[in-house]
Amino acid sequence: MNTTERIPNIFPIDPNLSPTQQPKPLHNRWHPDIPPIAQVKVNSVFRVDMIDFTGGQIKNDDNAEDVKSININKNHHLSGPFSVCDENGKPAKPGDLLVVELCDLGALPGHEWGYTGIFDRENGGGFLTDHFPNAAKAIWDLEGVYASSRHIPGVRFAGNIHPGLIGTAPSKELLEIWNERERKLLEEDIEKMSLAAVLHHRPMAMLPEPKEALLGAISRKSAEFQRIAKEAARTIPGRENGGNCDIKNLTRGSRIYLPVFVEGANFSMGDLHFSQGDGEVSFCGAIEMSGFAIMRCQIIRNGMDKYLSPMGPTKLHVNPIFEVSPLEPRYSEFLVFEGVSVDEYGKQYYMDASVAYKRAVLNCIYYFTKFGYTPEQVYLLLSCCPCEGRISGIVDVPNACATLAVPTAIFDMDVRPKVATQHVHVKVMKVSLPQCTYDGKLPTFPRKSQNDFE
Amino acid sequence: MNTTERIPNIFPIDPNLSPTQQPKPLHNRWHPDIPPIAQVKVNSVFRVDMIDFTGGQIKNDDNAEDVKSININKNHHLSGPFSVCDENGKPAKPGDLLVVELCDLGALPGHEWGYTGIFDRENGGGFLTDHFPNAAKAIWDLEGVYASSRHIPGVRFAGNIHPGLIGTAPSKELLEIWNERERKLLEEDIEKMSLAAVLHHRPMAMLPEPKEALLGAISRKSAEFQRIAKEAARTIPGRENGGNCDIKNLTRGSRIYLPVFVEGANFSMGDLHFSQGDGEVSFCGAIEMSGFAIMRCQIIRNGMDKYLSPMGPTKLHVNPIFEVSPLEPRYSEFLVFEGVSVDEYGKQYYMDASVAYKRAVLNCIYYFTKFGYTPEQVYLLLSCCPCEGRISGIVDVPNACATLAVPTAIFDMDVRPKVATQHVHVKVMKVSLPQCTYDGKLPTFPRKSQNDFE
Amino acid sequence: MNTTERIPNIFPIDPNLSPTQQPKPLHNRWHPDIPPIAQVKVNSVFRVDMIDFTGGQIKNDDNAEDVKSININKNHHLSGPFSVCDENGKPAKPGDLLVVELCDLGALPGHEWGYTGIFDRENGGGFLTDHFPNAAKAIWDLEGVYASSRHIPGVRFAGNIHPGLIGTAPSKELLEIWNERERKLLEEDIEKMSLAAVLHHRPMAMLPEPKEALLGAISRKSAEFQRIAKEAARTIPGRENGGNCDIKNLTRGSRIYLPVFVEGANFSMGDLHFSQGDGEVSFCGAIEMSGFAIMRCQIIRNGMDKYLSPMGPTKLHVNPIFEVSPLEPRYSEFLVFEGVSVDEYGKQYYMDASVAYKRAVLNCIYYFTKFGYTPEQVYLLLSCCPCEGRISGIVDVPNACATLAVPTAIFDMDVRPKVATQHVHVKVMKVSLPQCTYDGKLPTFPRKSQNDFE
Amino acid sequence: MNTTERIPNIFPIDPNLSPTQQPKPLHNRWHPDIPPIAQVKVNSVFRVDMIDFTGGQIKNDDNAEDVKSININKNHHLSGPFSVCDENGKPAKPGDLLVVELCDLGALPGHEWGYTGIFDRENGGGFLTDHFPNAAKAIWDLEGVYASSRHIPGVRFAGNIHPGLIGTAPSKELLEIWNERERKLLEEDIEKMSLAAVLHHRPMAMLPEPKEALLGAISRKSAEFQRIAKEAARTIPGRENGGNCDIKNLTRGSRIYLPVFVEGANFSMGDLHFSQGDGEVSFCGAIEMSGFAIMRCQIIRNGMDKYLSPMGPTKLHVNPIFEVSPLEPRYSEFLVFEGVSVDEYGKQYYMDASVAYKRAVLNCIYYFTKFGYTPEQVYLLLSCCPCEGRISGIVDVPNACATLAVPTAIFDMDVRPKVATQHVHVKVMKVSLPQCTYDGKLPTFPRKSQNDFE
């Protein structure tokens, strides 16, 4: 026999269909009572398809209205849950570690494209929503391992394709912890929170919301649907179970160790990214796509005790570990932008790495406008190109120092600073970005118009 | 003639002498009126020696009393300032960019050692001072490009030698901005600050302090000494002028673009690190050392306008840019620890990358205690080994996600998680760390004793 | 519309069918008169499938008889030729450079496996055929980006998937040059050739051979078939047109610049390798597979004049250029074996890099037998794992020095030499390799039996 | 105490003095009877200085007469031999492996320069002596980790500093093997040798030569001097003991495992290179320099049996192994030139990697002349920049395929091929190279004049 058995696709997706028409039911909430859709045995190789995180709300066109009016309550559309058992059929148990090797990731034939968006300030916003309140988007063509965009000329880069979201089901106890601590956050005097965060005017937390809930195999008409939908955690933040951590390094060839909280582990995944920069700063910021994953699982019995931290009041309070892939894109020349925890208005923060990173990102955006890009184009580019965001110094009171390293090889032109005065920088061809008007009150500072950048 | 001219050492140091006995006067404050100690011309190659940041307060021995009782007001002991002029003798001007290429960095013959310390909670503390209130230290032998320590067995790594501190002199205007905004910070209701920070019980900011001030060529007896000493900014935090950014990637072969605020640029440097991990978490956390730098400068006229951001109310409010070296240590296998912005006690923060990184570091510390290390040893190791701290996700409300990537090749043994149950992890030989008793009130949670880690 | 157009597959393959049953006719010879099977326009993205180089002669089983009795006259089974035209429909012209970007490469669903073989000494042999006269093979499972083999336990590595063969059609003039110079080689007194080569007892050259010729769209019954088959060059060696260069670095993301000798360029490709080590030492030495390529072409008008060398008596006498991919597998720790141009019997050669490399490979084979592998297993492994073969010194008379660098991370165990005497090297589980008896005269030296290695 | 003991310099060099005036006696031959000059204990860190391989024959000037008239019989001037003993004072024994860790390497203060030369065809020649019969040289300024040359404008690169030569003393038996096999080579009908080699008109081998012999501590007047000088092997080629392998990857941070043939190991070193390309093609082709090494030794008892190959008639017939450094310069973008074993005159060779590499080098030289360099400048550049020479395919009869990969980042300008016709390549400023007239008969083909390249 000349062939091996075809790798089984345990969760097929048709990106031409809506989320509710898919061959297998999707879910967009975390809850221990969402039943597994399939079981996989350790060491077997299997395939899972994923629809893009919005379930097809964003189109491959030149208009950003779809981004502006996106229904965030519907996200993320997940594949799974999948329960995992060992060679003898015994399921993973709470306290075990689930090892998931991401053997391969890719696009679905005919759907070799993706998008990067800026959410409207009133509908999700992003890391720099005070500077970029308007919805905008860029479409990327996926040419094998490379991405290029008709909306951001002059760049092309190798993707670090990865699932933005992969995680195990929470136990009932863990789910309650999540809901309680996030509810408390809303009750906090937001003035006590990091002021940088407040400035964003972004949502503080997304609490359970039955509207638009999808619960996999649980029928919308069933008695328990309403109960579960009211309890189920939203999928926006990463948490103890992994989840939407948006870690660009979980690319093909990497291996993640996930804590197990329920029998079978019941892991889910989605939010596939063709490429992302550290921070995914524009929120809808990676190159979002539909696609597939080839995977293989293993179980480390009692691995949570062995390898994860029990520090704190509960043993549930852990985070995943992973190993990077030898196939991460290899760029060696970087132009690096520094930022410290003084915001762009001169306000001093205390050791706040988020503020420091915001400054590094703003510094970088300004820099690349000098080469002919609009600020929005750079904001989108930094969200999705393989740039590295680092916490460089976190102890020198009162300033945290963060750095943003951009690989210079992704640009067609030489973007390094030049000493020689005669040097004339090439500028990119002007291309207009699909963009929407922001209806709220625009910040008059720091940027009144495009001209402030030039 | 068979030889080139010896590279001129414009700032020699003798590490056997005290800071005040050095051939050239040191300074430990930022002020525009500290006069340059030497002038360098662009494109010429020159050498600058640096004493360790404490000026010799820490000894190569097995006792941490010196770390515990360190006089922080004396730090950092800087070499410079150096003014820079072009080929025609015209000095750098405010608004220019100063390009400093770090051609080489190394130890001084006979002083091939360094130290990493944990500052006492009452005397500086560190990123995890709530967990590690006690002073401790580790001594490192510098064997060419490698470091190893008799206090932390089983590890050896290639250094990313760099100046923790390099920066230009502030203008009077910029200096006033610094002093004002940091003074304001102390006046803030600290309850409004990031709670994680407050929890540290660390100093909020270090304001101008004439005590122990060193002002270079300005005589202590001169009339202006007191004035300058009262105005001069402390060197602890990185700021617009670069300064103590503690960026491990500024290693030999890199090139930094510094904004110029005063005529001549008047740059200073010091705090030489043989190696550092991102964050320098234990504060005295790199491998601190004395040593030399070989450098070359260039000037980009009006470079601040060309390349740095004028966003915000003042054009002074910028940060440096740099290019990384092709000689950064090349590790390709990393074990990565995740953390989200929920602290180890279960408290939810809002998009706080500092809290997320704290969790990642704690998770990593716990992990390596499983291989026989004490938590203090791992804390020191993560401060100084070439580990990478990344802001992976900064938009998924309410959780920032940070990751800490540790190169596995620095360990003698295989430290990856193992699936096979029969696998017995090798443990390192127990070695005691120079450590001091903490006299303050110890936190009873999360760690009552060493046993909590085992 | 939510989808892009499906990338057109201009040369589909069904690996379950024999070479002559494929949807498009294959060819296995080089000749200018083989007509193009399809035309592609510059900048368009298209797909080409490739059958494994033997056209399905090797099976996924545990028996090496198929390798032993392989019909070498049938190889390689190529996809194409493809003619290339510019945006205006004007074809590539002789003298142009054809740029082929390898956007992606992969396995065909259901055929995620490959093989590595040792050819029998009497039927092709390999680089070390004097040491390994017997046919053998190893089957590899392709698990996404990784390969592992039931026949070579304890190793797993990321593939550098690439077409072993890609090239443009020769002009009539170039074809004649090939045939003449290779014919002359057979007429040479082989004693004048590199003795190392002669020792191999391998074929000196493979001249045109009508038997088993496949000529694409040229019907076997047509009048011109016999003429072309008699003239057409064999595909074994790489030549001016690229061809079977077996360069492992032409992996996904790379870009090759091929000289154009006939109108349209008419490029062909095949011999897909999931992974290969430099040298592909066992001849059938890569992980051979069927699969697909996603590509994009460009034309550099008059590029041969611009970029390729006219040195020598004819302007035809050139070689391709390429750019490596940022996605090459990234290994950073290597164990390196040296060899000089003295053969293993003590015979001195003059500056012969082939002999030096043979020694490096033999030294490496010996080394890994110490970890429990059979010599045949290591020979196969070095043929297909991502090891680097370097010409380190080529001027120090009389010894060329070659090195073979093996990435240590591909092994489950630590394979570095150990200083500590108490260290016990783990050995791999003994696994038998599909192997055939060699019917010819076995060399009694240097290896009489397996025991010589232990 | 604040200091460690100064690392002992067991072999100081003063590059202002001639070889015979040095503090310690040099040697330039291999012989077991040359006594060790010092003993080192395992695990101790020590320093060894090295004079440049010619012992100061080449000057830092703009005239190539010194290269033309160099006395090759004097080379290489070596530091050592050094005997090695274990912690208990027991010396390394034949059959052991000597581990030498190259902890650091650098220039001597005041001597931060080096040179790259083309030897005259009648006085050593080089890999391309048939194309470049004239002596020439380029001087390099060593600016920390970087090199640049007033003779080759537009390039600057990080050095891979390494000893071109490091090896253990041969036993009497091994020395006799060397002398016999190299003597035989001269007796061979050179027509039987690789014709490519013969074409070079280079010396076939350098036999023992008492003239200019330096034998370390053996007095020139002593009775045994003449005996030893007559027997002692020349240092030009690398051999079983390591020696002049010219492996660029033995850079700071690497570790070499050398076979031990005599009690104490008695290793020697020299021929320090600031940087070299694979092959060191112009023979005097690295950036040759004086400098220092910081090292540490270990002994693996019976390591030859454990790790090195006994294949062949004598157990002496082995080669060293080494581990690469994590500090190798990290370039990730390469432009790669292919070559096959057909020489530039169209002559077909059989599987000759040396011929294939020669073609790749010629192709590359031609390419870069298009950017304004003279062929001699490129030849020198490829000899010393960190380019990679690979044996890509060694089995596809009759053509070996070699590749030469040049890192594009070493050039100031973008040197990649350009598709757009409007693109105008920048050319480097014309700079004349120190060059000598060749007095012999110049080859009329392939290059009659500089114009052939333009």
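A, B, C and D are the chain letters, set down in written order, and residue numbers restart from 1 in every chain.
Quick note on the criterion: contacts are C-beta pairs under 8 Å (C-beta built on N, C-alpha and C of every residue); 3 or more make two chains touch, one makes a residue touch a chain.
Bear in mind the structure is a predicted one, so any value in this text is a computation, not a measurement.
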item: Recurring contact interface, reference A-D, options A-C, B-D or B-C [over half identical by residue number]; value: B-C
item: From subunit A, the most remote chain by mean C-alpha position; value: D
item: Interface with more contacting C-beta pairs, comparing A-B to B-C; value: A-B
item: Copy pair subunit C, subunit D: interface residue numbering same or different (half cut); value: same
item: Computed distance of Cα centres, subunit D from subunit B, in Å; value: 40
item: Intercentroid distance (Cα basis), subunit B paired with subunit A, Å; value: 31
item: Where subunit B and subunit C are represented by their mean Cα positions, the distance between them in whole Å; value: 50
item: Where subunit B touches two or more other chains at once, by residue number; value: 326, 330-333, 409
item: Touch-based graph of the chains, sorted into line, ring, star, complete or other; value: complete
item: Subunit A - residues contacting subunit D, complex; value: 330-333, 409, 414
item: Residues of subunit B defined as touching subunit D within the complex; value: 1-7, 15-16, 45, 56, 59-61, 101-104, 106, 109-113, 141, 143-146, 158, 252-253, 294, 296, 325-331, 409
item: Residues on subunit D engaged by subunit C in the complex (per definition of touch); value: 97, 99, 126-127, 177, 181-182, 184-185, 191-195, 197, 200, 202-206, 236-240, 242, 244-249, 257, 278-283, 285, 298-301, 303, 306-314, 317-324, 326, 332-340, 342, 344-354, 357, 359-360, 362-363, 365-367, 370, 388-403, 405, 416-419, 421, 445-447, 452
